[in-house]
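A single structure is presented below for examination.
Naming follows writing order (A, B, C, D and E), and every chain is counted from residue 1.
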Amino acid sequence: MSKLTILTKGIIKENAVFVLFLGLCPTLGTTTSAINGLAMGLATTFVLVMSNIVVSMVKSLIPDKVRIPAFIVIIATFVTVVELTMQAFLPDLFEVLGLFIPLIVVNCVILGRAEAFASKNNVFDSVLDGLGMGLGFAFALTVLGGIREILGSGALFGFSFMEGDGMLIFVLAPGAFIVLGYLIAISNKINKA
Amino acid sequence: MLKTFSRGGVHPPENKLSAVQTIEQLALPKMVTIPISQHIGAPSTPIVKKNDLVKVGQIIAKSSGFVSANIHSSVSGKVIKIDSVMDSSGYKKQSIIIQVDGDEWEESINRDPQLIKEINLSSEEIIKKVGDAGIVGLGGATFPSQVKLSVPKGMTAEILIINGVECEPYLTADHRLMLEKGDELMVGTKILMKALNVSKAVIGIENNKRDAIEHLTSLSSNYEGITIQALKVQYPQGGEKQLIKAVINREVPSGGLPIAVGAVVHNVGTAYAVYEAIQKNKPLFERIVTVTGKSVKNPANYLARVGTSLTELIEASGGLPEDTGKVISGGPMMGKALNTIDIPMTKGTSGVLIIPVGESRRGVVQDCIRCAKCVSVCPMGLEPYLLMTVSEQQNYERTESERAMDCIECGSCSYTCPSNRPLLDYIRLGKAEVGAIIRSRKA
Amino acid sequence: MSKLLTVSPSPHNYGKDTIKSLMYGVLIALIPTTVVSLYFFGLGALIVILTSVFSALIFEYLITKYILKKEPSLLDGSAIITGLLLAFNVPSNLPIIIIIIGALVAIGVAKMSFGGLGNNPFNPALVGRVFLLISFPVQMTSWPVPVQSRMQYLDAVTGATPLGLMKEGLRNGEPVSDLMTQIPNNMQMFIGNMGGSLGEVAGIAILLGLVWMLYKKVITWHIPVSMIGTIIILTGIFWLINPDKYADPVFHVLTGGVLLGAVFMATDYVTSPMTTKGMLIFGTGIGLLTVVIRLFGAYPEGVSFAILIMNAFVPLINIYVKPKRFGEVIKNG
Amino acid sequence: MASKTESTFRNMLLALFVVSFISATTLGYVYEFTKEPIAIAKLKKKIAAIKKVVPEFTNDPNADMYKIASDIKGDTLEFYPAYKDSELVGTAIKTFSDLGFTKRIYLMVGFLADGTIHNISVLEHAETPGLGDKMDKKKSKWSEQFNGKNPANYKLIVSKDGGDVDAITAATISSRAYTDAVDRAYKAFIENKK
Amino acid sequence: MSEIVIYTIVTVSAIGILAAIILYFAAKKFHVVEDPRIDDIEEALPSANCGGCGYPGCRNFAEACVKAENLADLFCPVGGNDVMKDVAGILGQEAIEKAAQVAVIRCSGSFEYRPRTNNYDGAVNCTVAANLYSGDTGCQYGCLGLGECVDACTFDAMYMDEKTGLPVVIQDQCTACGDCVRACPKDIIELRNQGKKDRRIFVSCINEDKGGVAKKNCSVACIGCTKCEKVCNYDAIKIENFLAYIDFTKCVLCRKCIAVCPTDAIHETNFPLRRIKSPVEKKTVVKEKAVVTDNPDLVNIAKKKQESNDNEAESKDKE
């Protein structure tokens, strides 16, 4: 696998959300607007890259049987760091995403990449993988959030371009499912073609 | 309210075009082709060779097992070959081909039309003679009759039901038989009652044959123990299980035989054949066949010899119409579509139905809209849509657990489906596979 | 022989029912309701019905042709029914754009996404309606007052539905008897002289449709009867216990979407069970949920939600509820 | 694959211990480091909310905050008096209501000294987006109808129930909850004025 | 170091140690002895789960491999010799080479060679049609053309040629898993050795009728004339029931039999093009004459097939 593929496969071919269906809880929960989706995606990317680095560094030191608890502790550490930092320096964003930040710990994208990739590859590859996967995740969340924001509030990244209300259902959970469903269908179509 | 069975059923247009045509004797053919497998069960073993001379009623193939039947020559003449010939199954089967030469009958056959009412034989003798005469169920299933008459140990027959329902549209062979051979039918019924050792017999007739009901009812006063039961017109009332349910309101258990509820069912045609075999010593080599169809010139009922080519039957009714789309051996609901009319009629051929081009094609298959009509018309209380799906997916375990083997293949589901789905086609496929699985399990 | 014979497995006799004939049977049954809604809601009703039906047809055509790449079968009537039922489930002053969105959701999301007619798990018209209800709660809950042959459309005078009045009043602690004076009497409600969605108002028209469909054997009685019966029994029990807090069963049956739902929505072939026993369970379930939502839920009306919830149970019902089979051997008898 | 550490008891214990130890240490220090900025951020937010609802002030209302027991047992209302040059110009009251569509809503209501409502801001709510969330100033101007009204002659009940407050269209319940919270604050304010 | 930092370190570390202890004993208690080679073999297999090996899935095959004393009876047709070599390597055994195989259609009765005698109007399913009758031509052995083999193929290695009404195997994609062989109710499809340079010679007919009957119903049927049997020097051709069969283990690809066959029933596939060469291509002149595409019944069947395929796809999607 070339370095470039490691980086890019996570964006379309093995997109965590559209293809692997990982981490759907934050995907559905946080994407009420494009900015929320983007922020959540970037926070996840940060944790993903960092945990991939650490996991790939310590991979041969950790016995198999305690692999998962060790990875979880590593991931949880980074998540808490992100949470505290955000709370301290980006309080407005934290207000919106606060509920979902701790959920990054159990986001299967991160544990999945740690387990499936970082624990078998070197540090540099793991960084690329984490970056690619994370950007793919952020991309998916931004698109999802953007579509929901356009349909649900008649705005994009907070810029309103429509008078009055949008279709409320898209701001609510059912709308997230509907949009995600169609995005997955489109992504299948693209990937299969 | 007339009696009928309780669940499901359909009422297709009756189209009994030949109901008023009296039975005609069909002219002797020049050649007959007699398949050695005209019944359910093992094919018979030919006992004649090429160039043998045979008489009418002479046995030419012997029963080869318990569920099998003798086959008799229907004509006199010379066996010209024993070869595989296409029969109504669409496959080539072994057949004895006889060149007709005159019409010389076996001496033992009593050709006097005089009615003989006294029954001189004992139960065992009757059953044996029915077997010797090669009588099979003439309603279409062609199950060897002596097997049905031999009540298994530990069971007793309580009632004999004679099936005069003829629920298939178009067909009128049984109807005419009941009208024209009423007395013989009654005596035949008495013989069957004696063979089964029962004191009660009911002849079930659908209400669209009022004349037959009246005729037989008036005759029944002369025959003790026989009653006539008029039934509401509902397909598939001619099915054994449905008829028993309609007449005596008992349900044959799943996988069981009618004898499990004390009933034995015989067709009116069979009862008539039994009369002829016992009282006149005449084996089964001819039967009544309806030739009908909307575009047929002269729809008619013929008394024809087994082995006669369908071409000759159709010729007698004015030839194959221009707009023929489909030729069916039997009725429109359960008959078999033929890929050529150059095949012989057999003991089971109750009718030849010619369907014009316009009505011969199925509609375009559409998605199931889950209208549940197939479920509501299934007389066996099955779910045809489901059976079709599971056998199409080759999930034969499920096909079996959904009781595909209960299906009587009446075709009500396919008939009623608004999406033209080939329900029965796939159910039949599933049944065949499940049957093979069950057999291999037993082996 | 000049022509080749056709060969096929039996049966060789094909019934007259086609998807088209069944769907047109339903459409004919919808005529009385259409007439009554035009009478009471005038121009608004006309605009809503036409928009809904035409956009349903157009979406069906476009999606079948360009996305599913199949031959569109517009005239089988199913899209017309969906469009008509969607129109019957919305107020008569709904803006055209919202109706079009509703039709797109009904046809595109609820029906075609699952593969078209026969494959959708939920009733398309109801999905469209609930989608609109959640998306546009304001527009979807302002009901024009019925005025005979009125010609206003968007600026019609609005008022609450009897159910809405009842729910609001009970919340404020007013007794039922007081509230009853504010709403039309039973006879008025039966002929449709009350606020509400287009098709919901006239019980008599819906019942006419029911009689026609039963006569033509388009549907069976099981679902409507079990559903309405359950509602009558349950609301009756509550009414007998405390007539001050709970309205009487006749009120519950005549108001809101109970009749429309029972006759035209719950009986949708695709989304209802296959066996009669299953249909009875299905109808009872809808009745139960409707009563629970109406009496204890946040929304004044619950028929749509009840039907959609029970739609989700249909596959389960189909698996576990089997028809009584011929010759079933009863074990341990 | 490089030689992997065996899953012996010693190794497992050691690995997990080391990982947890390092994590804990990191976390501890990050916590220490962010503790202050977080507190500041929180305070800023509160002050901003207070600033929004009362006229300009010079004191630190957070330091002068006092709690009053509310009508619901166990719950308190927080009073933030605002002084300009030691003159009481208004009081911001953090109040709540349980009548909302989902969970409890929190408002900051600012009263002038005479009881007139100066301004209101929503601190926390989870009302239906597009409906109930119109109580938030960011979403609609609905809540401005309270500004400048004195509840002494302005009935804090939605008009549907016979009061003076126009409810949000199709969101009577949320409007009721909002009004209820304001009413609670007003009653506490009047009671404690004496 | 403040109190809270120490507190954090103590609790988190304690939890870590506790978890390690619990995990250690849990791992000991629930330790399952499973041959790790099963996993290794499963990984080596193509995981097509096609059943071509005779086992329900790849894992079952892997288990069987581990259990078996030698690999003589076990073969993964999809992976072929390469995969079996890997498997043998994992087990430390000798790999047994097997000749690569490919599916061939032993019927050439396209519309032009085999006149129709009736129209089939039932369910588009070979087994249904085969249970009903002998097919819509006079030949009761020939291909029914309803494409059950194509549906059965897991590897998209087959398609129906609408011009001939016969299925075609795409050799490059065929893995010889045998799904089509099992699916065909008429037993027309056979797995044959791929042969040197993909060269194969086989009798493309299974008609056991007498010569005259066979010839009347299909002009490219094997009529059992024994010419090929006589000309073969390697004893590779046997005639039974008026039907020739070429044993691919004995055939040396000399192509003498092709020259003598009076009905062109023997096919050769030996071009570097690596495709099964159908007789249609061989006789381009005949092809021009044949007008088959505008037969309405064919169009109907193709259409029905398409529809039912769609339905199937949908019902699969639903699950």
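Going forward, a contact is a pair of C-beta atoms (placed from the backbone, for glycine too) under 8 Å apart; a residue touches a chain by one contact, two chains touch by 3 or more.
Remember, predicted model here, so these are calculated numbers, not experimental data.
With contact taken as defined at the outset, chain A and chain E are each touched by C, D.
Steps from chain B to chain E, taking the shortest chain of touch contacts, total 1. Centrality annotation: C (chain centre taken as mean Cα position, compared with the mean over all protein Cα atoms).
Two chains share more touching C-beta pairs than any other pair, namely B-C. Summarising the inter-chain layout, the chain whose CA centre lies farthest from the centre of chain B is D. Put simply, the C-alpha centre of chain B and that of chain C have 48 angstrom between them.
With centres defined as mean CA coordinates, chain C is found 41 Å away from chain A. Chain A and chain B have CA centres that are 71 Å apart.
With centres taken as mean Cα positions, chain D sits 87 Å from chain B. Within chain D, residues 7, 12, 15-16, 19-20, 23, 27, 31, 130-131 each touch two or more of the remaining chains.
Counting partner chains per residue, chain C shows two or more touched chains at residues 5-9, 115, 119, 137-138. In chain A, the positions touching at least two other chains are 65-66, 69, 73, 165-166, 168, 172. Of all possible chain pairs, those that touch are A-C, A-D, A-E, B-C, B-E, C-D, C-E, D-E. The touching residues of chain D, when paired with chain E in their complex, are 7, 9, 12-13, 15-17, 19-21, 23-25, 27-29, 31-32. For chain A in complex with chain C, the touching residues are 165-170, 172, 174, 178, 181-182.
Across the interface of their complex, chain E is touched by residues 86, 89-92, 337, 339-340, 360-362, 364-367, 389, 392-393, 422, 425-426, 428-429, 432 of chain B.
Residues of chain C touching chain B in their complex: 1, 3, 5-15, 17-19, 21-22, 73, 78, 115-119, 220, 269-276, 279, 318, 322-329. Listed in rising order, the residues of chain E touching chain C in the complex are 116-123, 128, 132-133, 136, 310, 314-315, 317-318.
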